[in-house]
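The structures considered in this document are given below.
In the two complexes that follow, chain A is the common piece, with chain B as its partner first and chain C second.
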Partner chain A sequence: MSDVDVTGLSSEPGLKRADRVRLLAQPLAVLVVVGAVLVWAFARETDEIEAESIQAGVLLTKTWEHLLITVVVTAIVVGVAVPLGAMLTRRWAKPVAPVFLGIANIGQAAPALGVLVLFFLWTGWEGLWAAALPIAFYSLLPVLRNTIVGIQSVDPSLVDAARGIGMSPRSVLLRVEMPLALPMVLAGIRTSLVLAVGTATLAFFVNGGGLGELVDTGYKLNRPAVLVVGAVLAVGLALVVDWLGALAEQLLGPKGLG
Partner chain B sequence: MTLFDYIADRWDRLALQSWLHVSEVVQSTLLAAVLGVLIGVAVYRSPVGSAVATGLASTILTIPSFALLGLLIPVFGLGPTPAVVALVLYALLPITRNTIVGLAGVDPAVTDAAKGIGMGRLAVLTRVELRLAWPAILAGMRVATQMLMGIAVIAAYAKGPGLGGEVFSGLTRAGSANATNQALAGTLGVVVLALLLEGVYFFIARFTVSRGIRG
Partner chain C sequence: MTSDSTDSAVSGVEIQLEGVTKRYPGSAEPAVKDVTMTIPAGQIVVLVGPSGCGKTTTMRMINRLIEPTSGRITIGGEDALELDDVRLRRKIGYAIQQAGLFPHFTVAQNIAVVPGLLGWDKKRIAERVDELMDLVGLDASQFRDRYPRQLSGGQQQRVGVARALAADPPVLLMDEPFGAVDPITRGNLQDELLRLQADLGKTIVFVTHDFDEAVKLGDRIAVLGEASTIQQYDTPEAILANPANDMVAGFVGAGASLKQLTLLRVRDVDYPDLALTADVGESPSELRARLARAGDTYALLVDRRRRPQRWVHVRNLSAATSLANIGRPVGDTVSTQSTLQDALEAILAEGGRAVVTGTRGEYVGMIDIETVTGVLAQLREEHESAGDAGDAGDGVDGDGTDAADGDGHGGDAGRAGVARGDAARDGAGRADGGVDGDAGAAADSGAGTS
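Right after this comes the complex of A and B.
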């Protein structure tokens, strides 16, 4: 059975064209839709409750909180998953690799909201870290798996050649294996980014802020305008983050490949 | 109260919620499969159409589920409707994409041979191409189902049915006696049900994939 990654941001050659179309169309669509909704939200008559949420300061704060969670999550994921993945491909770590992959698999199979809520109930923490840590656990798998698969699929003869010219195991990893695995790692990071920015809309459940809070406010106080502004900003932010990930994939991939 | 006592005590309600959760996810997957295969069949012969369909479907998948759900509330109100609409939209991508990849991967020599023995366009599609693409379509449905199991939890925010209700009431009742048990029962329930469905897919693949291409 063909294996398909969940986010749909694949690098299958046949679908490269779809990725190119998105690279152009996505930021334009975001600009138009977010711009239109903001103009609509600010131009219409707002009552007192709406005015409390629909103002530049609040929207910027919520967007910033959302972005901060995403950045912190990505930093944790990259900082943990890339070294861990590289370590698990070393010969001495072969027996324990499935254990770590299994744990990461369970992390992603569990519903994101459940992981978030359970972490909150167990630790009693609130705020940025209460949101960032469980979201990082939840979005760890793509980077871990892609790092391992990326390094394992490096042509063994290249590794042999590197050893043959006298490179130390460390420089074989850093100068040969990692650069060749980079496209896979970057694809994994992009997947994790999308998971992180999406799950960050749930951060407000544990007082972590973010754009989900506007959706919640609009829903609870029965102000659809606030809900729509929050949701559209969250959608726009997710698409922009995904677009930046795609751009990074294009720009940071090693020149010798592809 | 330990988790086991809790589950034993609330078994009736948990069983009902589990059933609703699975039924919601399975129905949404089936609906998305019908739509996804139709879209796939409509566009797989045109590179531009394939690119647009996969591009759009990927974009939908990038949208945070909570934000999409929020946008659906003013349109569809509360209850199962917004939940099912959101679930179907998210399930579309893996299924549509795999349908396109599966159909495009069919060896042209095989379809030529089918035409050569006098099969019409429809017969070639239904009796040759779709059967050869079926493992890929099924894999797409499997990925979609696994994803929907988690998204359906969030859909409980809009009063959608299923185990998400347990997670949410665990959250709102934080600090009270059974809050953690409740959230844990909901979360673990989803994981267990997802594993069970994975097993079901294994058997469906075993019995429905054409014998000639079974690995």
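Right after this comes the complex of A and C.
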């Protein structure tokens, strides 16, 4: 009974320093840059056209629309890609897994705008859903692939142990495979989210709103200030979403690993 | 002679394999071919054999992690192939190499999995977890909430065993559970398993490719060849004394006789009461007279509790006025609990014979090299005739008789000077015996010099 004493080990590994610095620095940088641009935009002399766009109400609405598209897209992606990915790792699904991965690959390889426009032409829809569905299709792949790879990279001896002690196939998936694949899945979701925020700037093509509208207005009416505000807000939003994703990875990952 | 493990409560059930075959899809030759064997209730049966011979496959068919291609498996009389496989596995403990603990569960959560699956209430599970941690020698308050990676390899294996035992299953399957730890820890874990088994009496199927481990743990050993064909299925003693064929002999390897000695205790053999003993208080002249009468040149001085102290030669007696300070201290002694291997060590160190002490360290006799060689010769003879009597040559039939007298410790076995059976299973006791013997010797020589 003389095993090595391991009381010295801490139970929660500290985040790596670089990660910690980034977790703090990223939102601060966003705050500073976006704040500065807004101050500049509101402080300068504006003509009528500019004033129509650069006002708190409009900016908030557009940002909100953008966020809404992102959230809906994420919900669709998570709701579809995670269960689909988990299903495709089951033994009986082996033959069909490449088919689904292939489709998701096409979705991402095609230009986002193309997917959006094709979907519009096909359905004739406009508005939020007309934007969210094709964007979701476009950003499905990272989550699908990471879910599959994450589950496949769980140590097979753990799955064997889980089955061997009498867990049902469902329990093995939900209690062992998914939790251990979670870091990978979360990383995939984070990538998808950032893709979604970026592509959501195209939503205005199908009347979906979002910050893309500001960019479009600024460009078409030759008002660089409006364009800059729209672009900076979009970039800021992408960075904030990425930051939230990083935070989620840190907080939601399974304990006892690493 | 104490009768240890086999008489205590048997909670295990018998497992029978009948013509079990496994053919993996895509391979021409079956991985396991027509295996028929009975694993008796409450015993440890070890499957040994070269890598790839199908040990794991055979074992995993018992809990149906692998479905047999053909054949029948019954567990406690129930046809395993008819039961719901998930339900079946909850009644069969399962421990594997590297322990296979879930890294995202704490120690307590790992142990609690099967009771949880069986729907035990929280309080009962918590109590059971503490009880099991205690059973495998882990301090519950210290380790309960740790994650597996915060444990040493040996501690993880203990948790693995605790998890396998959690719902008190009658059957335990263990696939090289101690394969990945250092030899000392492995020895401790083996002792621990034997100690547990002495209380629990489970039916344990244990897979290893380490023959020494098989000898130490097994009530019976099945030596498997290609496609799990049974080469010999018998007690460790019988296999060591009389390997059924060249393959088994190769597996037993060199030093079979020395390995046999680890299975026997000093108390199992006839050790003669050769030495003339004398109390330290006796007068030298009196002792000289006694030695002369007995025709001896040496006497063993013992203290008031008859613990051996020093050897005195008759030459030293003439000049001495008291027995208090003369003679040469007794070196290594062996206890009746010691294995014959330890005894041999002491005999060699002492130059031909060693003092045997009883449970309280008192002198009970002497053991010499002839005793040891005699026992080995006799064992070989017995098993050869048993093998001939079985005449099938594969030992499966012949061992019925062996098992009977091995477990029974019948009077004739004692008289013959050789009794088998319990030494193998009582590893923990054996380790203690060794330690006691040494401590006793040290204490004695200390007392002698003061």
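Rule of thumb we're sticking to: the second predicted complex is superposed on the first by the 237 of 258 C-alpha atoms of A that agree within 3 Å, B and C clash if a C-alpha of one lies under 4 Å from a C-alpha of the other, contacts with A are read in each partner's own complex, and residues count from 1 in each chain.
Assume contacts are C-beta pairs under 8 Å (C-beta built on N, C-alpha and C of every residue); 3 or more make two chains touch, one makes a residue touch a chain.
Remember, it's a predicted structure, so these values are computed and weren't measured experimentally.
J.: Touching A:123, do we find chain B (first), chain C (second), both, or neither?
T.: neither
J.: State whether A:201 touches chain B only (first), chain C only (second), both chains, or neither.
T.: first
J.: Quick check on the superposed pair: does A:250 touch chain B, chain C, both, or neither? Answer first, second, both or neither.
T.: neither
J.: One more residue to check, A:228. First (chain B), second (chain C), both or neither?
T.: first
J.: Who does A:157 touch here: chain B (first), chain C (second), both, or neither?
T.: In the superposed model, A:157 contacts chain C only, not chain B.
J.: May I ask you to decide whether A:165 touches chain B, chain C, both, or neither, giving the answer as first, second, both or neither?
T.: second
J.: Could you tell me if A:176 is touching chain B, chain C, both of them or neither one (first, second, both, neither)?
T.: Second partner only.
J.: Which partner does A:55 reach: the first (chain B), the second (chain C), both, or neither?
T.: Neither partner.
J.: Of the residues on chain A, which ones does chain B touch that chain C also touches?
T.: Overlap of chain B and chain C footprints on chain A: residues 1-4, 6-7, 9.
J.: Under the definition above, what is the set of chain B residues touching chain A in their complex?
T.: Per the stated touch rule, the residues are 47-48, 50-52, 54-55, 57-59, 61-68, 70-71, 73-74, 93-94, 97-98, 101-102, 104, 135-136, 138-140, 143, 146-147, 149-150, 153-154, 164, 167, 170-171, 174, 179-180, 183-184, 186-187, 190-191, 194-195, 205.
J.: Residue numbers of chain A touching chain B in their complex, please.
T.: These residues of chain A touch chain B: 1-4, 6-10, 12, 14-15, 17-22, 25-26, 29, 106, 109-115, 117-118, 120-122, 194, 197-202, 205, 211-212, 215, 218-219, 224, 227-228, 230-232, 234-235, 238-239, 242.
J.: What does chain C use to touch chain A in their complex?
T.: Within the complex, chain C touches chain A at residues 60, 63, 65, 86-94, 96-98, 100-106, 113-114, 117, 137, 142, 146-152, 154-155, 163-164, 173, 185, 188.
J.: For the complex, which residues does chain A have touching chain C?
T.: Contacts found on chain A: 1-4, 6-7, 9, 11, 157-158, 160-169, 171, 175-176, 179-180, 254-257.
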